[in-house]
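In the two complexes that follow, chain A is the common piece, with chain B as its partner first and chain C second.
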Partner chain A sequence: MSSATWRNFFTYNKYAQITARAVRQSLKESERVVAEKRGTTALKYQQWENGVGGPQVFLNSEEDKK
Partner chain B sequence: MSALRLLSSAARRAPSTLAQQRRGYAEVADKISLSLVLPHQAIFTSTDVVQVNLAAATGDMGILANHVPSIEALRPGMIEVIESGNASKKWFASGGFATVHPGNKLTINVVEAAPLELFSSEAVRANLQEALKVATGNGSEEDKMEARIEADVYEALQHALGSK
Partner chain C sequence: MLARRSLARIATQPSPLGAAPKNARNMATLREIELRLKSVKNIEKITKSMKMIASTKLAKAQRAMQSGKQYGLANSEIFQHAPSETPAKRKLFIVVSSDKGLCGGIHSSVTKATRRAIANTEKPVESDSPIMVIGDKSKVQLSRVLGKNLAMSFNQIGRDIPTFADAAGVADLIVKSDAKYDGISIVYNKFISAVSYEPDIVEVVGENALKESAGFRAYEMEDDVTKDLAEFSLANAIYAALVEAHACEQSARRNAMDNASKNAKDMIDRLTMQYNRGRQAAITNELVDIITGASAL
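Up next, the complex of A and B:
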């Protein structure tokens, strides 16, 4: 199975993230630790109503608190 | 048509003993202005270089001064920069785009890249085995495609590290 048909499953952004992750995981130990941090993403959102903000919530709850 | 292109680029990716092509004549007068940037780091910023060898999605290519303006998507592979004489530096990039602008400028934007010395062959081999296991396993089509993409990156890395 070739990866030429990745378009059927992923957007380009997702594809670029996958290849970047693969490159980061192949670095030497010392470099890899620094690089892994670049790969982490986390999202927090807050609902506002009538000028009052609700609680700030992590999109991925427990996973992102690390 | 695209199948033909896939075939020819696959053939070009096969390990070859040919060294990277260089210009035949003595010292090159014209240089191209290169900017090679990552989201977190700028490796080159408008630096004059003699030649840049890229792994474009449509095949390997070498960019010299006064190249016709073009936009090329890069596949995970090696970027080789020849600044002057015979000295060349190599990076392995995860992919991105190379744009030749009018006015003799080349901009390469990649997501992740590192000099070849910073990679570990052991890690690449282990990662490749892992990825191939998932790619040929029983997961969802999406998971298998993800593993197949990673396996392609590791195979390209092995090729780059092997032909240093």
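Up next, the complex of A and C:
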């Protein structure tokens, strides 16, 4: 497939994370538990304007409610 | 010196351990020492346990750092073979620290290095170069000094060993943000040994600089692939910096808690001596009273 349209929607890093998640979910149960730990992130970020910070937002907002 | 003063006070006023109001000051002295002794003992227990926890975390963090450094080395291989022709004028600074304190001078060393780099006259960068901070502690310090340059900040990294997912998330947000820069400098703490660290800056070449470098132009490269490579190498560099900074933080916390426990132990010894001397002086005074009373009969 020479023309890949995913580049219009997200970056390569997001692409790699999605494929990694797919691989992890396809592992056997015991391996999967170990691998899930390597893929967890609870990152929060906030934008700053002129020395004032905006609201802090979760990067993965659906996952943080679990 | 303090012991002698309190001793003199106790000697002039009889039976400091009695409940009489005019002796309340002496009773407070002895009681005060007892309370201080108890609280310093608690503090020593806490700092000792924090030191143990940091030691075990350090072992794990060092192992993760050894394997994580390979990502950064792979990056530097590429950048070595594709050096940029013109020096970057406008740099994006990524400052790597963490959210938790009680770890010595980790956060302030990284903040100082950033300030030095921005004020550097040898390799000048634009004074409104954007800064993105990972970790609340450095964010607070930098917002006071270089608040106008702050573009974005991240937290909740560093609770546990940083994962590549964290680094990829950060890189993703940076690329998607509309900050303008020619090159990227990552400021982090380099792990020298279990007792020492020092701040270091690692350069990441941006997408445009990669495209224009002589090394890349020698090959036929699609623009898409170059963009992917630039984004991925940014995530690599951030990951290597994150794990190394995490290891530095654990070692600094262990050393700080070790020093705190030693100081607490010294304080406990001093206070115990003071307390025992005061107690014995009180008992001696009581005895003197009793004996003079008995000899008067």
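Keep this in mind: the second predicted complex is superposed on the first by the 40 of 66 C-alpha atoms of A that agree within 3 Å, B and C clash if a C-alpha of one lies under 4 Å from a C-alpha of the other, contacts with A are read in each partner's own complex, and residues count from 1 in each chain.
Here is the rule we go by: a residue touches a chain if its C-beta (ideal position, glycine included) is under 8 Å from a C-beta of that chain, and two chains touch if they have at least 3 such contacts.
Everything quoted here is computed from the prediction, not taken from an experiment.
Colleague: Determine, under the contact definition given at the top, whether A:Gly53 touches first (chain B), second (chain C), both, or neither.
Modeller: Only chain C is touched by A:Gly53; chain B is not.
Colleague: Where does A:Arg38 make contact in the superposed view: on chain B (first), on chain C (second), on both, or on neither?
Modeller: In the superposed model, A:Arg38 contacts both chain B and chain C.
Colleague: Between chain B (first) and chain C (second), which does A:Arg24 come into contact with in this model arrangement: first, second, both, or neither?
Modeller: After superposition on chain A, A:Arg24 lies in contact with chain B alone.
Colleague: Taking the superposition as given, does A:Ala16 touch the first partner, chain B, the second, chain C, both, or neither?
Modeller: In the superposition, A:Ala16 contacts both chain B and chain C.
Colleague: Starting from the residues of chain A touching chain B, keep only those that also touch chain C in the other complex, and list them.
Modeller: Common to the two interfaces on chain A: residues 10, 16-17, 20, 38.
Colleague: So in the complex, the part of chain B that touches chain A is made up of which residues?
Modeller: Spelled out, the residues of chain B in touch with chain A are 6, 39-40, 76, 92-96, 111-114, 118-120, 123-124, 127, 131, 135-136, 141-142, 144-146, 148-154, 157.
Colleague: Spell out the part of chain A that touches chain C in their complex, as residue ranges.
Modeller: Per the touch definition, chain A meets chain C at residues 7, 10-14, 16-17, 20, 37-48, 50-51, 53, 56, 59.
Colleague: Given the complex with chain A, which residues does chain C contribute to the contact?
Modeller: 143, 147-148, 150-157, 159, 163-166, 168-173, 175-177, 224, 227-228, 231-232, 235
Colleague: Residues of chain A touching chain B in their complex?
Modeller: 1-6, 8-10, 15-29, 31-32, 35, 38
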